């Protein structure tokens, strides 16, 4: 019986002393933290994706609390809603930023871009790109092994095995930028998001001369310049045999789509047009 | 499509070796032991081995295909080895359902739950054996009689059991089988541990085929022999001759077949020697000062846990110094 | 006991199918594409344009920095255009297209076959002439030779090592060159010794070339300070650091150059090119290339003009075999598989290997079984299984600590791995990333 009493007493004393020591240590080494950091962190999506440019949601919360205005700070995952609540917690102005979405600027799927060799190394884009230009004649195009898919924490990219080029799912993409980093060919771009998921994009990054580009892929941009001439909004520039549409200037008028001789410019999210001549199926949309 | 040239990063040739070949070479090294165990213990030995092997293969296939939903890798030979080694570590009169549980522990817990071949920390066959030893101590220590010995009984003690039992040194030495018997395998024990000669032969085969290197078996046996010899020299009345330590308690089986399992042992020769010495130390400590009659299984499992640490700190000799 | 390097190594089957085939001149092609970047360092700058007439041996692109070199035309004819074309990696690189007409050489080049032993240039004049001739390491690394001959401040060369090892399976170009141009090589060695101001030169030859060992040992008696050492047949015996370790017993410290242990290594083909440059005023525009493979009907050693398309060599060796899986520029351990036969022969092309389909496919990749074979075969004492995992998981700072930059990319690890893991693929990737990190740190 006494054994049990001794045991209870010993454990009770150990517990009590530990509690007292911990209390004093906690007081002595207490780090003062602005309680607003916790509040702001609560309102964030907790994805810890790094899309804001900070190392996780807590670091972003700290940066917000320290900042005097939220101009440079944006959480792409939470978007305007989250920045509004952060702004109201801190008593600052929320800066409205246009939402963006990622797009893989390559339409060289297997039916457009024939294979010229077969790659038998470790199947990741990074390794393949560091040694070889790819399995096709286009050295700028998508390799299709899916480093972007692996980097996406929001399951927003569909590998589309067998098609040769993955597809970014707009409704899931939060424009965090992870895939942009992951692609060794710099094919992915963060573009302004339009309503109904519409876009007009040059789905090509081939900077080789027109003839060479066209030979390796049916829907390559040959740098002919017709799109640049027809654009009334100065949204298109041609550099290194390649056209580029600035999404911030584009008004989705689609004049460039109809003049592009190789259908390198694609329109996504529009109802099908009534066209007289046969229009080659080059859209990557559903 | 077939006329396309293949491109790949170098190298473009590969040696003839493959994981499957290595695994099957280990199986060949174990076949003489299996044959001898059937000779000594009768068809019961075959029964135990078959049940262990079939259970191991079946569990691996079922768990991989239906639970983990990955491609089953039963043909690579590793589950086969686990099954055979598990059976080598149990008495031949073990009930079938206990063997099946052992296989489940070995494959399901020790191997697949850690990530499959290459990711397991502990030797699967040993985990199975220790699991059974602790869960079914009676059945796992009721050793059958050696069919050759002619003793009129159903169960008999193993040599190590005799040594642990105590009594005066002369009593122990009288009850122990002769050294030649222990070398050839005319003693009691589990299926695989009885014949030192066949274990050594199996080990030499694996050395020749470059499946294992000498470092681990020599380190284990050397450490056990050295410490046993020191203790014997200090007090020959209490501590037996080191030869008896070497030839009993599954030490040779453990040193040659279990400790050398490549997945759970260090990658560098220096690390392997440290690993082997550790096993030897723990084994001899458990045997001399511990409650269990044999320590090799626990010793190997404990040192398996140290393998990642050894790999981390023991680096191979670098070219260019430092 | 033959000398050899101490750590690691593997023994791939030798397959020296063309060892007894004399060097033949490959007939001139109709056009050539001469890349301006055939060497380590900055690409050369073209100095010709469309329509220019050029002669064989004429300089067509100038060196653009110290670590760079000149490019000379290997044919005579008219420049078709200066444009890009796919190199062995498939990426488009700049070069000069020339339509071949006749074979008119520059007048100053001595085309006679007689051996010229005497030379009376001093060290710096020799280096200058080597630089002008566009000589680069012909072992495959293509490092500009004139840079190697000028040691950094405070370092001095003690010995010149000649790499006659040719440890790659299938390749025999160095072997044939040693048999057929032994004296020329030895004179080249002496010229290099003068350029570096060393008294001692050792030619290392693998023991599977006994005829070359015997011939060179005999002839070296007539050349002061030159000796021959037979080395054990083991891959990668011909690796620079391994060769130094085998012959001198010293180990080049991690991150340092061979000159740090007083050694400079040069390929025997480079020594021959140096002889031709100094004694015959001939710049580097042609080299010996082995064309070989198990299905090839006429394995051969051709003397090829730089810029010739690979297809020409394959035709001359009997055509592309039916079941060819890979076309490899170089040897099977470190060579580069090319995607098209239009890729030109460059200064660094030592051989063209036509590999059959059955041999061209990699085995199925399995889990690492931690067997440790990769660690035991690595000649640099690294841990390939660990470097692959670090590369996969992008842990580059640890990869740098584990000395990934020491890797010589010999391929022994991938060759040995029983689970067919693509160890070298990931190690190379890791090296690239760590190299980037190191370079950005220096800035």
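Assorted remarks:
Note that the chains take the letters A, B and C in the order they are written out, and that residue 1 is the start of every chain.
We adopt the following convention: a contact is a pair of C-beta atoms (placed from the backbone, for glycine too) under 8 Å apart; a residue touches a chain by one contact, two chains touch by 3 or more.
Just so it is clear, the model here is predicted, and its values are computed rather than measured.
Chains joined by the most contact pairs: B-C.
Here the chain at the heart of the structure, going by C-alpha means, is C. Centre-to-centre separation between chain B and chain C, using Cα means, comes to 49 Å. Between chain A and chain C, the centres computed from C-alpha atoms are 43 Å apart.
Chain A and chain B have Cα centroids lying 52 Å from one another.
Residue numbers of chain B whose C-beta contacts span two or more other chains: 5-9.
Multi-chain contact residues of chain C, defined as those touching 2 or more other chains: 90, 336, 339-340, 360-362, 422, 425, 428. Within chain A, contacts with two or more other chains are made by residues 116-117, 120-122, 127, 131-132. On the side of chain C, the complex with chain B involves touching residues 7, 10, 12, 90, 169, 241, 245, 251-256, 324-328, 330, 332-340, 353, 355, 359-363, 366-373, 375, 378-383, 385, 403, 406, 409, 411, 414-416, 418-420, 422, 424-425, 428.
Interface of chain B with chain A (complex): residues 1, 4-9. In the complex of the two chains, the chain A residues touching chain B come out as 115-122, 127, 131-132.
The residues of chain B lying in touch with chain C in their complex are 5-15, 17-19, 21-22, 73, 76, 78, 116-119, 262-268, 315-322.
Contact residues on chain C toward chain A in their complex (touch as defined above): 84, 86, 89-92, 336, 339-340, 360-362, 422, 425-426, 428-429, 432.
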